[in-house]
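Chain nomenclature is as follows: A, B and C, assigned in order of appearance, with residue numbering initiated at 1 for each chain independently.
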Amino acid sequence: MTATSLTSSRGAGRAGDKVFSGATLAAGCLILAVLFGVALFLVIQAIPAFTAPAADIQGGEGFFAYIWPIVIGTLIAAIIALVIATPVAIGVALFISHYAPRRLASGLGYVIDLLAAIPSVIYGAWGAAFLAHQISPAYGWLAENMAWLPIFQGPASATGKTILTAGIVLSVMVLPIITSLSREIFLQTPKLHEEAALALGATRWEMIKMSVLPFARPGIISAIMLGLGRALGETMAVALVLSSGALTASLIQSGNQTIAAEIALNFPEASGLKVSTLIAAGLILFVITLAVNMVARWIISRHKEFSGAN
Amino acid sequence: MTSTLTPVRKRSALTKGQLPKYAPYVVLAVALVLGAAILALIGFNAFGWGVVSAILFAAGLVGWSAAVEGSRKAKDKLATCLVVGSFLIALLPLISVIWTVMVNGIPGLITPGFLGKSMNGVTGVYDNRAAEEGGPVLGGIYHALLGTVEITLLATVISVPVGLLTAIYLVEYGNDRPVARAITFFVDVMTGIPSIVAGLFAAAFFFAVVGPGTKTGAVAAVALSVLMIPVVVRSSEEMLKIVPNELREASYALGVRKWRTILKVVIPTAISGIASGVTLAIARVIGETAPILVTAGFATSINTNVFGGWMASLPTFIYTQILNPTSPSNPDPSSQRAWGAALVLIVLVMLLNLGARLIARVFAPKAGR
Amino acid sequence: MSKRIDVKDLNVYYGNFLAVEDVSINIEAKSVTAFIGPSGCGKSTFLRTLNRMHEVLPGARVEGEVLLDGDNLYGPGVDPVTVRSQIGMVFQRPNPFPTMSIRDNVLAGVKLNNQKISKGEADALVERSLQGANLWNEVKDRLEKPGSGLSGGQQQRLCIARAIAVEPQVILMDEPCSALDPISTLAVEDLINELKDQYTVVIVTHNMQQAARVSDRTAFFNIAGTGKPGKLIEFAETSTIFNNPSNKATEDYVSGRFG
């Protein structure tokens, strides 16, 4: 190469840089546009449900009378799932991060990740065909002995297809989410903190209580929030497991319904105003999960800044 | 040599007040026997035996430890029991699901023509005959398998370029600009969109643009893309981030342009991780039911055109066969087909997961520094 | 095949922070120039401004002129990519491309720019560059093996071969031996001595003996304190810097009294 002037650059190469960076930016903006589009198109298609006369909406009392029982049902199912999944998930995460032999830990983590890999429809089928059947005697016992609690009011469902069963199936589905996030946070605990506790003569549990859990608290909270987001939006487990009906306080009778399952069960045959009603229900679900996820992400990002400053 | 100098002691002062090493095994044996005895009184079953024995084991070990070692050690033992117990509890559904699918799915899977035929022309009449007279269960999942493959492929074709380019923007060009921060935040938010909402979005979009009631495989592919893009972005981003900066600098120092550096150095270095992330993303969306349910409808016959007509898929096939059996009076043949399809789906998902691990291992750049 | 570099009144900033202040220096063609100085004095940063590699670091910018045989690197319309193809760089840690074979690593500069090159020409270039980097005899039987399989010193010489394969005017080296063992360091130092017959070499080093061994002229950079900019203190023949420095700080540094 002979001495070339610095300004004689190949124009084509420079254009390539512009085109490529432009393409990547366009792809990123497309994602923003899609998310905006999700909100926009849901709103457009949902408007008729809000403006239609109350008598035309299913149930005949307007959209909000239609939606609020299933919003409550969605929350009940999600809360059951979290109450069951959270302690187990944290235990599993601790087991993998601090108890299992180092060589087995990643393999065991993979086993728990398999739980997340199983498609939701299979969980639904399992819940309906196996779990509901196995668990219905327990509901009978609860209805006999614990009926003084309104949530265990009889008569218990003979098929076991209740909101509690759906909640248990949901808990299996959110367990791997909470586990994998908590596990990562547990592993990030500064080794110095752990060793400081151990050097003071703490037992393993005391070390975890002193150094791991305080460090991981915000992470655990956001992991639970993300699990909540998943539980709120999960469709199949509920659609297949729950024998739906009107809102009831008892968890062991058939009844209740969730937004996602309501849409899945009715959308395929819906037409006209019913479509709008269901899309409006989807919009409400979107807003609820969006809020939950944003709070979770906000906690995570705040935590990141905090740990970065250390 | 040293043993001659130091007196041999039976018990070290450091091990005083500790449970002997064999303590857990003794407690376990006692718990198993006691558990069996209790269960024998109220009716024996293996599951109950396991649960009762586990509770007895934990109580026995913690109690003994509290008596000998004091409350701090006992609390530690209790925590260990709870942590290990929760892991075992988490394994139960996994084993149960896989077992249920295997046991129920194999009869369906080994039925002749199950993988090669569709449900076209299979009506309740045949199912009634199969259930009542023991004839063969007709019908198969070919149409659903085909639909799943086509819809997932189309979704991959949409998601991978968009997701990968976005990841490149975030890692190579973003520099923490407001746009990059917004994209990162909303990609995170997108991972939390319920799958049914993604389906409704695609449906609403096509209803508004093409016409009400538009349901095709392509609509379903768009819905799946909404779920898949954030997964692809996140995994590719992680993989691009771990490409050492030194390689980029080496390339720049040779007078190579940024876009060529990215295409020829950065991406080849990260390709195994990216490919494995894409495979995992496919595994995630291939089992999605709800979005396909609201976007592609159901079909009982083979439809090879993703852009026209309703299309079946494995998950929706399972769903409809369980919820609306072909013959409402005899749901067993339908449920056999559903479990067979579930087995095929679970095998597909597991293969994809395994494939992702293999890709990551086999195509990783050979031993670094 | 080699050019001189003249730097006039160069300031380097990270954002608003002045990292290197007011450097003027004349680097002769076909010679080895060493930059020495304590950690954080800005010598590596300054080195990067000589082929605009600092632009890769977020927020870094310069004021002033760097002339390559009279052409300003920072003149209007100058493409940093063109600059870098004429002024090559070798880094602290050897960084061969892990996805490429030894042969492809040497050809990387040509191939990544998509220049067409016949197989015969490519073979000749590979051999010439590896010979030039004193690596040919060690790797000629395994040119298709991955470059990351070599030892650290071999990898570093591979990176030098990669840099000279694009036939630059100047080679910049940023502490090229700091990650190598003494034997490999010796091999690279021998190579630097040979390279100056054809190229202008600029080397940053922490090792004063190395500067004394390989360089013709030495520049001493220093920093007044944390948060203060780095400055060029003294620039002279290497023997002068080490035996008879005119500046007190230089004398303290080369005699090991600080830094």
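Keep this in mind: contacts are C-beta pairs under 8 Å (C-beta built on N, C-alpha and C of every residue); 3 or more make two chains touch, one makes a residue touch a chain.
Everything numeric in this text was worked out from a predicted model, so none of it was measured.
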| item | value |
| --- | --- |
| Of B-C and A-B, pair with higher C-beta contact tally | A-B |
| Middle chain, criterion being Cα centroid separation | B |
| Separation of chain A from chain C, taking each centre as the mean of its C-alpha atoms, in whole Å | 53 |
| Centroid distance [mean C-alpha coordinates] between chain B and chain A, Å | 14 |
| Whole-Å gap separating chain B and chain C, where each centre is the average of the chain's CA atoms | 50 |
| Touching two or more other chains - residue numbers and ranges from chain C | 81-83, 85-86, 113, 166 |
| Touching two or more other chains - residue numbers and ranges from chain A | 13-14 |
| Multi-chain contact sites of chain B, meaning residues that touch two or more partners | 257, 260 |
| For the chain A and chain B complex, residues of the former touching the latter | 13-14, 16-17, 19-21, 23-32, 34-35, 37-38, 41-42, 44-45, 87-92, 94-96, 99-100, 108, 111-112, 114-115, 117-126, 128-131, 172, 175, 179, 203-206, 208, 226, 229-230, 232-236, 239-240, 260, 263-264, 267-268, 271, 275, 278-279, 282, 285-286, 289-290, 292-294, 296-297 |
| Residue numbers on chain B that touch chain A, as the complex places them | 72-73, 75-76, 78-80, 82-87, 89-91, 93-94, 96-97, 100-101, 104, 161-166, 168-170, 172-173, 179-180, 182-183, 185-198, 200-201, 203-205, 207-208, 212-213, 226, 229-230, 233, 257-260, 262-263, 283-284, 286-290, 293-294, 297-298, 315, 318-319, 322-323, 335, 338-339, 342, 345-346, 349-350, 353 |
| Of chain C, residues touching chain B in the complex | 51, 53, 56, 58, 81-86, 88-91, 93-99, 108-109, 111-114, 146, 148-149, 152, 155, 159, 162-163, 166 |
| Contact set on chain B toward chain C in their complex | 175, 244, 246-257, 260-261, 264-265, 268-269, 271, 365-369 |
